[in-house]
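Below is one structure; the comments refer to it alone.
Labels run A, B, C and D following the written order; every chain starts at residue 1.
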Amino acid sequence: MSILWILLILFVGGVVAWISEAINKQLPRWLALSSVILAMLPLVSLMDGGDDISSAWLSSLNTAWIPSLGIQFSLAVDGLSLLLIGLTGFLGIISIASAWEEINSRVGFFYFNLLWTLAGVVGVFTAVDLFLFFFFWEVMLIPMYFIIAIWGHENRKYAATKFFLFTQATGMLLLMSLLGLAYFNWKATGVLSFAYEDLLAVDLAGDVERWLMLGFFVAFATKLPSVPFHSWLPDAHSQAPTAGSVLLAGVLLKTGAYGLIRFTLPLFPNASSEFTPVALTLAVISILYCAKLALAQTDLKRLIAYTSVSHMGFVLLGIYAWNLIGLQGAVMTMLAHGLSAAALFSLAGGLQGRLHTRDLRKMGGFWLASPKMAVTAMFFSIAALGMPGLGNFVGEFLSLLGVFSVSVSAAAIAALGMILAAVYSLWVMQAVFQGESTATSGLQDLNRREMLAYGAMMFGLLVMGFFPNLFLVFSDSAISGLLSLDQLVAVAKGRW
Amino acid sequence: MISLFYVAAIVAVIASMLVIIQVNVVHALIYLVLSLLAIAVVFFSLGAPFVAVLEAIVYAGAIMVLFLFVVMMLNLGHASRQQERVWLATSGWLLPSLLAGVLFWGVVSSLPSIDLSVSVIGAREVSIRLFGPYVLAVELASFLLLAGLVSAYHIAKR
Amino acid sequence: MNEIPLEAGLLLATILFAIGLLGVMTRRNIVFVLMSLEIMLNSAGLAFVLAGARWGSADGQIMFLMILTLAASEVAVGLGLIIQMYKKFKTVDIDVLSALKG
Amino acid sequence: MFDSLGLLPFLPFLGFLILFLSGGGLPRRIVAVVGAGSIGLAFLQALLLALPVIENDSLVSQQVIYSWMSVGEFESKFGLYLDGLSSVMILVITGVGFLIHLYSTGFMRDDPSYSRFFAIMNLFVSSMLVLVLADNLLLLYLGWEGVGLCSYLLIGFWYSNPSNGYAARKAFVTTRVGDTSMAIGLLLLFTQLGSLNIEELMNGAETQWGLGSGYAVAASLLLLGGAVGKSAQLPLQTWLPDAMAGPTPISALIHAATMVTAGVYLIARTHTLFELAPDVQLLVAFIGLATLLMAGFTAMTQRDIKRILAYSTISQIGYMFLGLGVGAWSASVFHLMTHAFFKALLFLAAGTVILSLHHEHDIFKMGGKRKQLPIAFASFMIGSLALAAFPFTSGYFSKDEILLAALAIEGPGLWLWIGGVVGAFFTGIYSFRLVFVVFFGESADHHDDKEVTGFTMAFPLMVLMVFALLGGFIHPPTDFVFSVEEAHSEHSVSTLIHAIMIAVPLAGIGVSYLFYGARLWSADRLLEYSLAKKLHGYWFSGWGFDALYRGLFIKPLLGLADLNRRDFIDSIVATIVAVSEAGNGLLVRFQSGSLRWYVLSVVGGVAILLTLGGLL
């Protein structure tokens, strides 16, 4: 039941925040903040063991939704979802904090969109009916479109449309694939069902499985994003308001990885294992190619966006290693990148708010004027380049370790990304904070609210870096479950 | 009767032709009336005296008078005739003629060759059919006319 | 009575239709366009009457009556529009009205 | 409590935390006390921990603090391990580190970022302690990268000058290249041997991999990559001379006590692996030899006092690599220790010189300073003697051991020995070139500079002078760690060899005296020969490695980045957009708004249909 509460609080909170704007301009902010915090409370009860003893899930909920089509409203949480929902809630609070002063027009509608995006994401992380999953997939997309299109920067319409078209077009592929999957299940068993566990058991012919898998993969790879479906991201990020960037980088990208872990690989084990070399190649290309692109950017947010793609390449790498170490690495990378990218984007947003530009060539030497900001930026740059002791390193190292046993060359080439990461991270620090001061006057240092937000994220990354087991323990059983499930399916088909 | 048909047909064709190549609107209108009258004669020769009369009265009479009034209200003078000459002189005839020719050829190549045995179908037969099975059509036509009336009034009034 | 070849009648209708069409396509003066439309309507009516005569039935003439009412209301509305257009644009050039653009 | 290994890296880390969280708000006196004091305490604790090990070098203490990360069969513990080798290291790091910190409290007293300086220095020491105490390679990697990070922060300490930032990034990125190689090595080791614990790895490698097996070669090569990067050996040596951009105590810390010795430590720590791959081990020796000769040549041509010292460091680390390569593990660690003493001495003395002469770096603008700067002069004399391996100074013993070990191996041993001796000759030349030019001759400038000194700056120099002179009599307790019956090969060596090894550095000093002391010969006249001039230019630029790498890596990478700034994959998407927009434009033209055109189109369409109908 607790999952439903999370969703309900977010959905209702969004509507209430919207309406409350009529009463007071400040009210939506506080309402949004309190509803996100409130929504995260049920998670605590799930942290120790959960409330559903009967199944492998920590908690689940199942009611009929459209019975004539076999569609159920069924939600379930396991350790993996729990971690990601926790991340969503945390970054939800961060994004509200970062929008606090930036968003001043149509405040209520903004927080409505923000909360509905969060609700959609939580839905994506919990839905175990594929149709419901698709429903939430769309729910998180549309409010995000509005956030970019209404509160974005100079080229927002283009960016929002690009974002929408990319995700929508590939979302259609996802829909087609899942309908196809349900159809083949119906043909085989005579029961029309979209339930995850029913569809896991579908036995598909080789070609059919390949095509359906591709539909899922493309949809998730676009969201992840991976080369060659990444080009919406730099535009969306550079145009989105800070809160939008935070959510986009921190949470929305993770839904793609989650989809790959939860659906693509378990549903299509054979096709996926055939596909592994391609996926690993794409991951390696993502890592290196986007790191290279990041080097050439002069727009700070664009640069960070490309680094995001580069880092998500490690996630893809870890996922397609399809072993415990690799997957845990992918999960850690998701969590750590969620924090570090969100922090970097909100720093870039903070800079833009102060300077009204994102152009690196117009920055430089801000360390003197705003040492706190510089140190914060240094911390997150260091995190992004994979410094041991911070979360990103744990994730990337485990991903590489997982992949190394699958493909030595992929791991070795991907490791080169760590060099490029150092190059671009430090270059950004140089361009923005070091060097001779140019525009020191009027550049305010971080205020207390910002320090609190960044401090929380730093703390999170440090905990992830030094005590990753605290997090890994949650996803461990979930991922082991997925792995064993996959082997069972494969053994049943006698093709392992 | 047959010669009447042919003569009227030739008059109708020539008159229509002249309508579309006129420069002066009033002249064109006169030729149009001529064309309509010629077609009325054709109707008569085909054994349809009722519609022939209606053609003459309603079409050549009433509708054309409407045209005439409008032309008077527009009061297009000498300048407009000059303008018309310029427009007509252009090579804009070429493609439309070709297309009309193709269309014409397309229809003509599929014409049936049957001889009609003309028998007069007068007002009585028409009326019986009209107020019998076609009474709904009459109602529709009346609605159409009413709509035309209202909209013409509305448009012209603004 | 004499025999009139149906072919000849339909040929007349077709010729008239083609002439009307040519007028609609080539004339820029909207009054001429409307007149050409009348010619086309007429030719259609003629075809109906011919068909009726072919089968010795009154139905063709009834259809002509329908066309007649149609033509009447069309002309009424059309001429009203022409007047409005002339008031607004001071011209009867149909090419001036090009707001119907993509 | 004080026997807890975990406390040792934690003390400096605590210092870092206090300074970091206070955000520069503490008074300078307290910053100095926290900054230097934490290292001092760490040194005391290191002494406490190391003394039993020195007495009995088979003593090993271990402590697992907690399980860092565990996934399935992969587990890495936050475990610390102290044996003879790490005892030497922690003593050097905390001891020399403390002296450098103490010195810095005086040296940096006017700097506005006093607190930041000590915070990073403390973190640096802390990382280095983690590095040497780690019982598994992943934890070692944590310290390894931490050291790299701190060196980046310190080299670019004066951030307002872009060239300092460039040097800092160069250092970080260059060593990152090596680090990545090492990381891949870690992946390989874990995948093959199922653990990253150093002890288990070494045992596993010994039992599972035969001598010269492919895995051992690959793994040791990859680790060597990391070591080469951190220790500034060929081909990744280019960052070290530029790293002089930081404040001088940092150079001392990087060169003497911490960072650059990490590579030597890594190889010594995983020596079992290298012994399994003799070819790679020989490669280590040759890398060391090539580096020491290269750096020796370069050092002779430099004008910047710190760059001379930087190249001398590269050269001395080359000796250590040579020692490692010939299996003289203890000798290398010995040299590491003595080098830490005299190099810290030299750098700190150089710092005094620089500070006293108002940040003048060019040695040819100094001269005759021995009266004005007596302490620095004494330090330089002793440091240079030790550096040049003057008999019975500390450098003499350690270098001797390495060279003798090189001579002892069959095959290329003689060549390695000859190379090492030639290198010692150059060492004599360049170290005393510095001394003669700076402290002898006439005063080149009219300033009457006073030596900047004080207890905090003088005391470390005094202590280091003593150790640089007498450090050779300390015997590092590493025999058990390396458990090789290498040690004393002296009896088999003829006195001629000994005589050569004593004579060559002296000859170098003598040549240097003729050129720069007595000025009987002139280097300028030598430069009139075109060959000499060309060589000079070549050496001066560090054998052109910077230019080579710029042409080979940096320019192509930047070119590639510029070439595809706008992401050609996006242009594929953009092409789809452009095509549909062009199609739209085309169709829009059909929809002209002209009624006659529409009629024409309708008729045309019907005509086409009719024609088609007729044709088909």
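In the analysis below, a residue touches a chain if its C-beta (ideal position, glycine included) is under 8 Å from a C-beta of that chain, and two chains touch if they have at least 3 such contacts.
The shown structure was predicted, so the numbers you read here are calculated from the model rather than taken from an experiment.
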{"item": "Chain closest to the middle, measuring from C-alpha centroids that were averaged per chain", "value": "A"}
{"item": "Rounded Å distance between subunit A and subunit B, as computed from the means of their C-alpha atoms", "value": "72"}
{"item": "Inter-centroid spacing, subunit D versus subunit B (mean Cα positions, whole Å)", "value": "101"}
{"item": "Centre-to-centre distance between subunit C and subunit A (centres being mean Cα positions), rounded to whole Å", "value": "66"}
{"item": "Gap in Å, rounded to a whole number, between the CA centres of subunit C and subunit B", "value": "6"}
{"item": "Residues of subunit C whose C-beta touches two or more other chains", "value": "21, 25-26, 28"}
{"item": "Multi-partner residues of subunit D (each touching 2 or more other chains)", "value": "600, 603"}
{"item": "Those chain pairs that satisfy the touch definition", "value": "A-D, B-C, B-D, C-D"}
{"item": "Residues of subunit C defined as touching subunit B within the complex", "value": "1-12, 14-23, 25-29, 31-32, 34-36, 38-39, 42, 45-46, 49-50, 52-54, 56-62, 64-66, 68-77, 79-84, 86, 92"}
{"item": "Sites on subunit A touched by subunit D in the complex", "value": "162, 227-228, 230-231, 234, 292-293, 295-297, 323-325, 328-329, 365, 367-368, 371-372, 378, 382, 387-389, 393-394, 397-398, 400-401, 404-405, 408, 411-412, 415-416, 418-419, 422-423, 426-427, 430, 433-437, 466-469, 472, 476"}
{"item": "Residues of subunit C defined as touching subunit D within the complex", "value": "21, 24-26, 28, 94-95, 97-102"}
{"item": "Residues of subunit B touching subunit D in the complex", "value": "95-96, 99-100, 102-103, 106, 109"}
{"item": "Touching residues (chain side subunit D, partner subunit A) in the complex", "value": "23-24, 66-72, 74, 78, 138, 141-142, 144-146, 149, 152-153, 156, 159-162, 165-166, 168-169, 172-173, 176-177, 179-180, 183-184, 187-188, 190-191, 557-558, 560-562, 564-565, 567, 569-570, 572-573"}
